[in-house]
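Think of it as A, B, C and D in the order they're written, each chain with its own count starting at 1.
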Amino acid sequence: IVVTGCGSGKTQEAPAAGNASAANNVSIGMVTDIGGVNDNSFNQSAWEGLKAFSAAKDAKVDYLQSQSDADYIPNLNQFVKDGRSLTWGIGFMMGDAVKQVADQNKSAKLAIIDAVVDAPNVESVTFKENEGSYLVGVVAGLMTKTGKIGFVGGSEIPVIKRFEIGFTEGVKAVNPSAKVVINYTGAFNAPDQGKATAATMYNDGVDIIFHAAGSTGDGVFNEAIERKKKNKDIWVIGVDKDQSLTFGNEVTLTSMVKRVDHAVNQISNQVAKGEFKGGIQELGLAENGVGLPENNPNIPEDVLKKVQDYAVKIVHGDIQVPTVTE
Amino acid sequence: MSKLIYWLFKESSLVSLIAIGIGLLLGSLIMLAGGYNPLLAYGSLFGKAFGDVYNTGETIRQITPFIFTGLSVAFAFRTGLFNIGAEGQFIMGALAADFVGISLHMPWYIHVPLAVVAGGLLGGLWGSIAGYLKAVRGVHEVITTIMLNWIALYLSNYLIKAWLLEPGQMRSKVVDKSAWLSSAGLSELFGGSRIHYGIVLALALAAVFYVVLWKTKQGFELRAVGLNPDASEYAGIQVNRNVIKAMFISGVFAGVGGVCEVLGVFHYQAVNTAFPGYGLMGIAVALIGRNSPVGAILGAVLIGVLTYGASGMKFGAGVPEELVSIMIALIIFFVAANQIVKQLLKLTAKNKKEVL
Amino acid sequence: MQQEHIAVEMLGITKRFPGIVANDSISFKVGKGEIHALLGENGAGKSTLMNILFGLYQPDEGEIRINGRSVQIADPKTAIELGIGMIHQHFMLVESYTVVQNIILGTEPKKGLSIDYSRAEHKVRELSERYGLQVEPGQLIGDISVGMQQRVEILKTLYRGADILIFDEPTAVLTPQEIQDLMAIMKNMVNEGKTIILITHKLKEIMAVCDGVTIIRRGKVIDSVSVRETSPDELASKMVGRQVSFAVDKKEANPQEAILKLHRVTALDNRGIPALKQLSLELRRGEILGIAGVEGNGQRELIEVLTGLRRVQSGEIRLHGKPVHNATPRQIAESRVGYIPEDRQKRGLVLDFTVSENSVLKSYYFPDFRRHTFLDYDKMSRHANRLIREFDIRTPSEHTPARALSGGNQQKIIIAREVDGDPDVLIATQPTRGLDVGAIEFIHKKLVEQRDKGKAVLLYSLELDEIMNLSDRIAVMYEGTIVGIVDPRTTDEQQIGLMMSGSAVRQGEEST
Amino acid sequence: MQFLQMTGELMHTTIVFATALVFASLGALYSERAGVANIALEGLMTVGAFTAAIVTYFVETQLGGGAVSPWIGFAAAVAAGTIFAVPHAVASVTYKADQIVSGVALNFLAIGITIYLCKVILHGAAQTPTLKAVFTKWDIPFLSEIPFLGHAVFSAYPTSYLAFMLVAVSVFVLYKTPFGLRLRAVGEHPKAADSMAISVSKMRYMAVMISGALAAMGGATVTLTTTSNFSHSTISGQGYIALAALIFGKWRPVAGMCAALFFGIASALKSVFQVHGITDYIPVDFIYIFPYALTILVLAGFVGRAVAPAALGKPYEKGQR
């Protein structure tokens, strides 16, 4: 089972299946990978966006959790054949499945996060993670005391690569002598590996770790919390959501927020208004798709100022953040 | 046909049937305890599995790999070996088919058989590693096959990334159409589902299972070695060679299963961080099917329907899909501890006599 | 006998197993300080009766009295508490444990939380001296002789304070010398006030040490007699219900040329220690050559090198003049060697195969049993049916799994298969072990028949009587070599027994 | 210096990963020494991991358990593991089922039932929230100050100390006490034990339940020291590795512990190698393969034919001849 996406967050109350009642006849389905909508991560963020949409528009929303990657297509089909107004596929790995279902059902509308599907009836949403990661890289570069910074990724897939490259570029821009230690754990669901990796990095002199590894990243936080209790001067930069809400401000320096919930909500709204067009949406800093959270109590004013400056440059195109290593 | 009915109702099969019954019954009790409606749940489970042609096709698609791995485990069982490694053999079979499908280009009537043979061979070889270690070095196959599963997983990941990767994806390139086991026609017939000709191959292999084991001299040797290696050695049968052979054939069954998933369902192989789980389910299938080819088919149908229908149960009755794993576990448990079931049988038999 | 002098009394004991009444209202009593024998054919129900006395089985009906008191023996624990001890037909010893550990198992003396081994050892030594049961407390069971293992078994019961000892066929595995020692030990124990129940098939032993004997046939008591008032012949006929002759009925042998020759063969045992040392031997057509020896002197290895189951380190084996050492079992079988293995359930049969499949275990691949490339089960069935008729195998059908047959009939399948292959050499190892008189008679007849047809028969048995009765020549093995070849007509058991223990070497007329 | 640093790091991480394996393989030792094969280790660990997570979570959030919460979770896991092992004993001891099959069934059951309960208890969530109250490392005074070694060995989770202590206790129990003598006798020659008035099934039930308790400690260790939550992938193969460690150690407690440590090294290598840049030379997949391949090589080569308890895997039938 390939796990997609990353992020973290917490909500306890989530209905088992969807909310019924479809006054305006808009009904939307969402297919997740094996993690399900309570994965503290990507799927959860998407489902929160859909629930927000449902609450605002009184629309019917449901999700189906896949038990294996063979389930993606039947699950998507379940919604498509049910005549849903829109069917979401959440995550990079669902690209092929969405493509196939879209081709077989030309009249159905589908949308996907993190992958580009070339079909007229599919809306593909990707994020410019490199841009947001650049900004947290600036924070890390300015705030490191040891000159050693860590990056912990899940699998080496293009999405995560964008995080890594944006981040290192950001660090380089403000602190060329700093060293970024990069580690892919190979999984998004292995907090034990995340924890061991973080321990190794911190022992090696790293004082700030940025993770883009789903619940593997929870392990990074756990290690940091344990060390913070012993008054070690170390930080974690969270991902996808404002992870200080989950892990507290003692260890969370900031987070690279990726607004999957916004994207899901927004596109679902378009469908509700009959404005679905299909195609590709790339959400970056300019579109407010990625960025830092509102509150950053741990970042000094001057650093935040610097971050603001770089953000402006990126939005204006003065800085082109690469997505692949040249 | 009457033979089949006889086979279904002789005691050993009856044990399976009753175990299934107990599994479903306990499943409903658990649902009741969780505040769900079991009738609604089973209704939506079977509704999902057989509700329309599309889902029926998908159910068959789900059943197919279980037949292969079930045959694999059952064959090993028949020869006295416990093959927990169908998972790894499945992956290696898929890898070989993926390689042949992507790297070679030829007409379908060569391409498909070549991919199937390559996958079967690699799966078989992977199995025979465990056979070799058991025969020559005396290492128990349960341990080696478990280890080989993980090795297969990571090795195939590495090889896909090294040779076959579709740039920007965590999967291989797509195999040539000429190697596909799926056809638009068949798919159309089943509402666009991913049913493929692997099911035919699976049924054919079930027949091969029967013929090899009970109609050939190799089969005689394999069974003898499985039941009593000492007596086999005494009778001049080469025990070591037969252990390796048995694991090879067992691996072929699983390997071809992997081939069919690649050529029939996905048309590529993904870089996986966890097992697809067909091998482990093969154990359940074989046990429920009393290690016979027909049993494996029926066992695969049961497991396939339950696992595919699980999401229907979730959708229709809110019951978590994991309930299906619990039921499957209970079924295996009662098949294994068949003395419990037999005791129940005896009790009911006694009651019947008293009534008569 | 007066009531207070009775140690054990069993009254109307009935025990049924599915399809058989193993004990059918059995009653008998044993006086205190008596050695009482239980005599009966295989399957007569002796072990079952004693297992009931020891609490391993529960009787369906009947009453047990110990020292005059009626008791319920629910489990071995109760039996032990009542002062009953049992030395089982098959030893109940943990191989990887020491002598002391085996003896104290279940009633360990403690010091704090741990076992007090020094106290245990002390007590074991004390007991062993008192009863003349010489053992080495610290040794592992796997490393000591069968005779010593039996002494450990006896000490186990004495350690638990047993006054009533049950011996189930204790002499079956012992050498003549060890048997004599055991008899002395038994006498000794009786003198110390113990009571003994002895199960044995050997009339000689009963006559030598027992006071009384109870004869059981088909689960029923036939008679209880005092040994002083009976004779072996009388006991034997009571046991089987007809007159039996102990001598095997056979003509003079007519030995011809040597067909199987071993020359300076050496081989290792499973632990890698030399088990055969420069062994030379010849087997001739038209004779039965018996191999005698105490268990563990290389007999098993000898048979295994002959049948291709064990590698030869050096030396050569020739069959029909052609070298066959280190040939595979199949090559040897195909050079017309038949082999009746020692352990029929482990080696001789695939118990879950049908009678028919077992009957072709060595010939399933012959064209006779094939149609085109596939096996033809009908042909196998016909073949099996013929054997079932010719060898009088009692089975519901040829499709019955061998597991469902009785021991004697299982053995007959093997004999049928091996003899029907028309071998030039027939190797028979312990062919009658655990069988009753009727079955033994049948098998002996078959072996002699083979000899008379001009085949060469190699017989290995731990029963000296069997070797003496059947063989035309006897080769005695000791520590991996043949220490002598003797003519059974001109030697006695005493002499062979001495050779077996390595203390006398007598060269036969044509020794190698 | 770099090398010393790396070795110390490796030892430290090794102990973290090995602890769960030490517990579980020690558990299997009891069961297998009594003659009951225990492939259910994986499932027992899963149950332990789940129980520890869910109980700790509720004690922490609902009862305000604070720092004792993980201990309560740990104890609950032990109880749950003990109970969950009972079906395995019932099937394989009382009903003479194939022990491996019964174990496999239990593994299926464990993963199904834990996630099912998780969803039922946590309103649909397939994993528990991240625990705040988990075990923290104990620094042994003075000893932990020793350069490199101190950090590597004497700054460990309480569970690690407990695991190594239990190894010592087990050596005593198995080899010095009447209980141990009887337990091993039951695994070697149940009939002999039976005839000495030792109840084979009672011993085997106890052994299987002890193994459940210990394996659950292993599972609890994983959630309470490394993952801080429970999900379907919390226990993914550790049970099988623990079983391999047991066999690797030839069914002996100290050797089994060493084998567990060895597998711990293999897991630790993954992160240590990556952080220190060794993966630039060896593909990371090969590092993943390493422990499994080594297990096979070792079992095939160096260990030779390990002698399993003689009656391992064989149901004992009273009165069978």
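In this text, a contact is a pair of C-beta atoms (placed from the backbone, for glycine too) under 8 Å apart; a residue touches a chain by one contact, two chains touch by 3 or more.
Since we're looking at a predicted model, the values are computed, not measured.
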(request) Based on which chains touch which, give the shortest step count from chain B to chain C. (result) 1
(request) Quick one: point me to the chain whose Cα centre is farthest from that of chain C. (result) A
(request) Could you tell me the distance, in whole angstrom, between the mean C-alpha positions of chain A and chain B? (result) 36
(request) Could you put a whole-Å number on the gap between the CA centroids of chain A and chain C? (result) 76
(message) Centroid of chain B to centroid of chain D, CA atoms only: how many Å?
(response) 29
(request) Indicate the residues of chain C shared as contacts by at least two other chains. (result) none
(message) Using the touch definition from the top, which residues of chain D touch two or more other chains?
(response) 119, 124, 233, 288
(request) List, in ascending order, every residue of chain A touching at least 2 other chains. (result) 16, 65, 186-187, 189
(request) Any two chains that touch count here, so list every such pair. (result) A-B, A-D, B-C, B-D, C-D
(request) Could you please specify the touching residues of chain B with respect to chain A in the complex? (result) 54-55, 58, 61-62, 168-171, 192-194, 261, 265-266, 268, 270-274, 276-277, 307-308, 310-311, 314-315, 318, 320-321
(request) Give every residue of chain A touching chain B within the complex, in rising order. (result) 1-3, 16-17, 62, 64-65, 67-71, 73-75, 77-78, 81, 92-93, 95-96, 104, 155, 157-158, 186-189
(request) Please name which positions on chain D make contact with chain C in the complex. (result) 172, 176-178, 181-182, 184-185, 188-189, 191-198, 310, 318-319
(message) Quick check on the complex: what are the chain B residues that touch chain D?
(response) 30, 34, 82, 84, 133, 137-140, 142-144, 146-148, 150-151, 154-155, 157-158, 161-162, 274, 280, 283-284, 287, 320, 322-326, 328-330, 332-333, 335-340
(request) Give every residue of chain A touching chain D within the complex, in rising order. (result) 10, 12-16, 34-40, 65, 150, 181, 183-187, 189-193, 195-197, 199-201, 203-204, 215, 218-219, 221-222, 226, 229, 246-247
